[in-house]
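Please read the structure below before turning to the comments.
Per-chain numbering from 1; labels A, B, C and D assigned in written order.
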Amino acid sequence: MAELVAADIPDGSYVNLGIGIPELVAKFVPAGREFIYHTENGLLGMGPAPAPGQEDPELINAGKKAVTANPGASYFHHGDSFAMIRGGHIDVCVLGAMQVSSNGDLANWSTGAADAIPAVGGAMDLVAGVKTVLVVTQHTTKTGLPKLVRQCSYPLTGINVVTRVYSDLAIIDITPEGFQVHKLAPGVAFKQVCEKTDAPLLPPKEN
Amino acid sequence: MIDKRVATPAAAVADIYDGASVMIGGFGEAGSPIELIHALIDLGAKDLVVINNNTGNGESGLAALIGNGQVKKMICSYPRSSHSRVFPELYHAGKIELEIVPQGTLAERIRAGGAGIPAFYTASTIGTPLAEGKEIRNIDGRDYVMEYALKADFALIKCENADRLGNLVYNKTARNFNPVMCMAATTSIVQARKIVEVDGIDPEHVITPGIFVDRLVEVTVPLIESQLIAQGVRYP
Amino acid sequence: MIDKRVATPAAAVADIYDGASVMIGGFGEAGSPIELIHALIDLGAKDLVVINNNTGNGESGLAALIGNGQVKKMICSYPRSSHSRVFPELYHAGKIELEIVPQGTLAERIRAGGAGIPAFYTASTIGTPLAEGKEIRNIDGRDYVMEYALKADFALIKCENADRLGNLVYNKTARNFNPVMCMAATTSIVQARKIVEVDGIDPEHVITPGIFVDRLVEVTVPLIESQLIAQGVRYP
Amino acid sequence: MAELVAADIPDGSYVNLGIGIPELVAKFVPAGREFIYHTENGLLGMGPAPAPGQEDPELINAGKKAVTANPGASYFHHGDSFAMIRGGHIDVCVLGAMQVSSNGDLANWSTGAADAIPAVGGAMDLVAGVKTVLVVTQHTTKTGLPKLVRQCSYPLTGINVVTRVYSDLAIIDITPEGFQVHKLAPGVAFKQVCEKTDAPLLPPKEN
């Protein structure tokens, strides 16, 4: 999935990768393209993890893992970092999801359970400010419940913000008509995807 | 002569009082002023309102301050941690209040507090539970929520180099919330790995101008949170 | 490979269209992108809305752009100048509009435009004619005026060193409005005294990260406004 | 006057000096005190004018004159510079005046004449944001009209902002009771000051 996401990101994009599966996107930059990675804790031009023993505890990413800085990087404070996000300067962000609705609402921060401690981080700022919000997720939860739904039951992260979803079953666009399958995963039938989706799906268009 | 240096972390935090609001810089262990936090634990001031992106890790630094029962309320974006049970236990026991603020709104509210902007509008949280009860305004066809500035009585800050006037530079992503918190606190207290001569920082490279800094203490070899966690260190 | 360099000032400004809004950096002659302005004069785009703190000096740079009749409206804090009659003459002849904005509000409106803040509150202008007709809000017992963000189609910027990614550093007080204007414009066009290798600027010292920059042109020996004035130079 | 102003500024103050007479204050720093001068075009730690021939056209003050930077100086952009002003971080500013009213209103940017081109610069930000606003001015205009008045007739720069006025005749505090003469200039009688002031004046207090 991460590789498919990377293939869709245009050359020269400024990209913010969420914690988890989205982080893997950095491993799949297509040949001939240059992406510049933004991490919201104050670094543009984030590079890969350092060699063991080369970590600087004060050079970390938003997931608090040790990273490096590429040539041409820059450091800045949180105010400036979220000015980049909120101000629409980041081209693409890649996030995980608990639920995505057919109009592009995203829920990815809280189950809304009574005893859950709310924890939002930077997700609401990212979805409100970044031009293209890509979601990478398993098509269903661990217990098999659909994550692509008519309407999110979990508390929202943002409304009408998701551009495209990359799941293990399909790549699905959010369109004014709802979920539009862009491409099925190899060996997956449209019907299978429909069964695991709790909203109408438009079949892939013929090319 | 202006000289903002004080001798020890204890002297630097000595006037933090019960009920004070305290911004604490750092994101994860980067830029976390552990020695100043430990001095605040030694001091024992309680009923504090603490502003930080998280709630600390392990059993030292911010997690220890919370664990020591000195914090009445946390204002943060992400109170979860993979290395600390301190906050969740107090929270579930109803012993600590929580105000959850998206990370970018938190940073901007602090920056606004320092910049004399009492309130501003942002699209973050529109349509979510965090916008509930807040004023919404439509500007040029899009909805925005009004957010108020955030100020504090004190800020605890970690930097790399400083001079006696309070000019600061940071190390890499240790910059994070530290510069905006320096701006937004009535009294900004800074621990520097090194205090250099007054011409030791190029004026072009200063990140926090001295006007935002009140006190400086040199901590040459600061504790490293991940090492404390690995060693199972518990403060005090 | 990302490479924001273009060959000439003319190529850099070639798509500025009639009626565009253009932020022009600089305060006095410090940080004023004279070569880019002259390229805009050569291009001839008209009915421009120009945002700058002043209205130019002498008969080159911004004053020449205004004098050439290309500017429909100026947004600035201080349109007077001791070395230029260009603006006053057009203003008194009713040939140019003026929106006067206090310098700090101008800077903050531009910063807000770049930072995704559509509006904010400030105490500046309260009780003065410049607050008339604006929304006033009392917050914690003090009155504030609401101000809207300012964005532009283009920004013309001068810096000292740049790399191909668009990372910028400035020379002393030439910094002024340039960094916030880079943030607030759809297309930021920068003239750099020197374009250095991509590892030629320390990541700790970058003032404008490349994300805010679209085009770069090297102007090794830029014109100096005070010398042009002393020499009585008139552009074109 | 400039010397009297300097004498009243506490050690360690961050000070912004307006264009004109206020600039002269920098020449009179009392022995043993250190002031740090802020110029709103992006420099903290402004030093005196450079030696002739040593000017850098990109190192200027708000009046666009060549200056220097003292050891321990810092440069910043206009957004950050006015954050210092608006955010209440500058301790003292010294400004000129066209009119000051007895409740501390200041008019110093426009006569309001129909053909005047409005030009405000940073004055409204300074009076709104700086803790202590000191005014240095001749007591009357060139044509002899009082500048200290019951109510300003010129457009205001700010309301209730002036702390103290230094004129050629007296030092006068703005108090809840109105203009309070703090000190008369040598050889000047209280009555003289009253005659040249268009508002009630409280006489100097006995010490």
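Throughout what follows, a residue touches a chain if its C-beta (ideal position, glycine included) is under 8 Å from a C-beta of that chain, and two chains touch if they have at least 3 such contacts.
All figures in this text were calculated on a predicted structure; none of them were measured in a lab.
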Other chains in touch with both chain C and chain D: B
Label of the chain whose CA centroid is most distant from the centroid of chain D: A
Where chain A and chain D are represented by their mean Cα positions, the distance between them in whole Å: 54
Centre-to-centre distance between chain B and chain A (centres being mean Cα positions), rounded to whole Å: 28
Between chain B and chain C, centroid-to-centroid distance (C-alpha), Å: 34
Chain C, residues touching no fewer than two other chains: 108, 111, 115-117, 122-123, 170, 172, 203-204
Junction residues of chain A - those touching two or more other chains: 43, 69, 75-76, 82-83, 85-86, 129
All touching chain pairs, where touch follows the definition stated at the start: A-B, A-C, B-C, B-D, C-D
In the complex with chain D, residue positions of chain C that touch it: 27-31, 53, 77-80, 87-88, 91-92, 98, 100, 102-108, 110-111, 122-130, 170-180, 207, 224-226
Footprint of chain B on chain A - complex, ascending: 39-43, 56-60, 64, 69, 75-79, 81-83, 85-86, 105, 115, 117-125, 128-129, 155-160
Interfacial residue positions of chain A with respect to chain C in the complex: 11-12, 14, 34, 36, 38, 43-45, 69, 71-76, 80, 82-90, 129
Interfacial residue positions of chain C with respect to chain A in the complex: 1-2, 111, 113-117, 163-165, 167, 183, 198-199, 201, 203-204, 206, 209-212
Partner chain C, residues of chain B touching it in the complex: 108, 112, 115-123, 137, 139-140, 142, 144, 148, 169-170, 172, 203-205
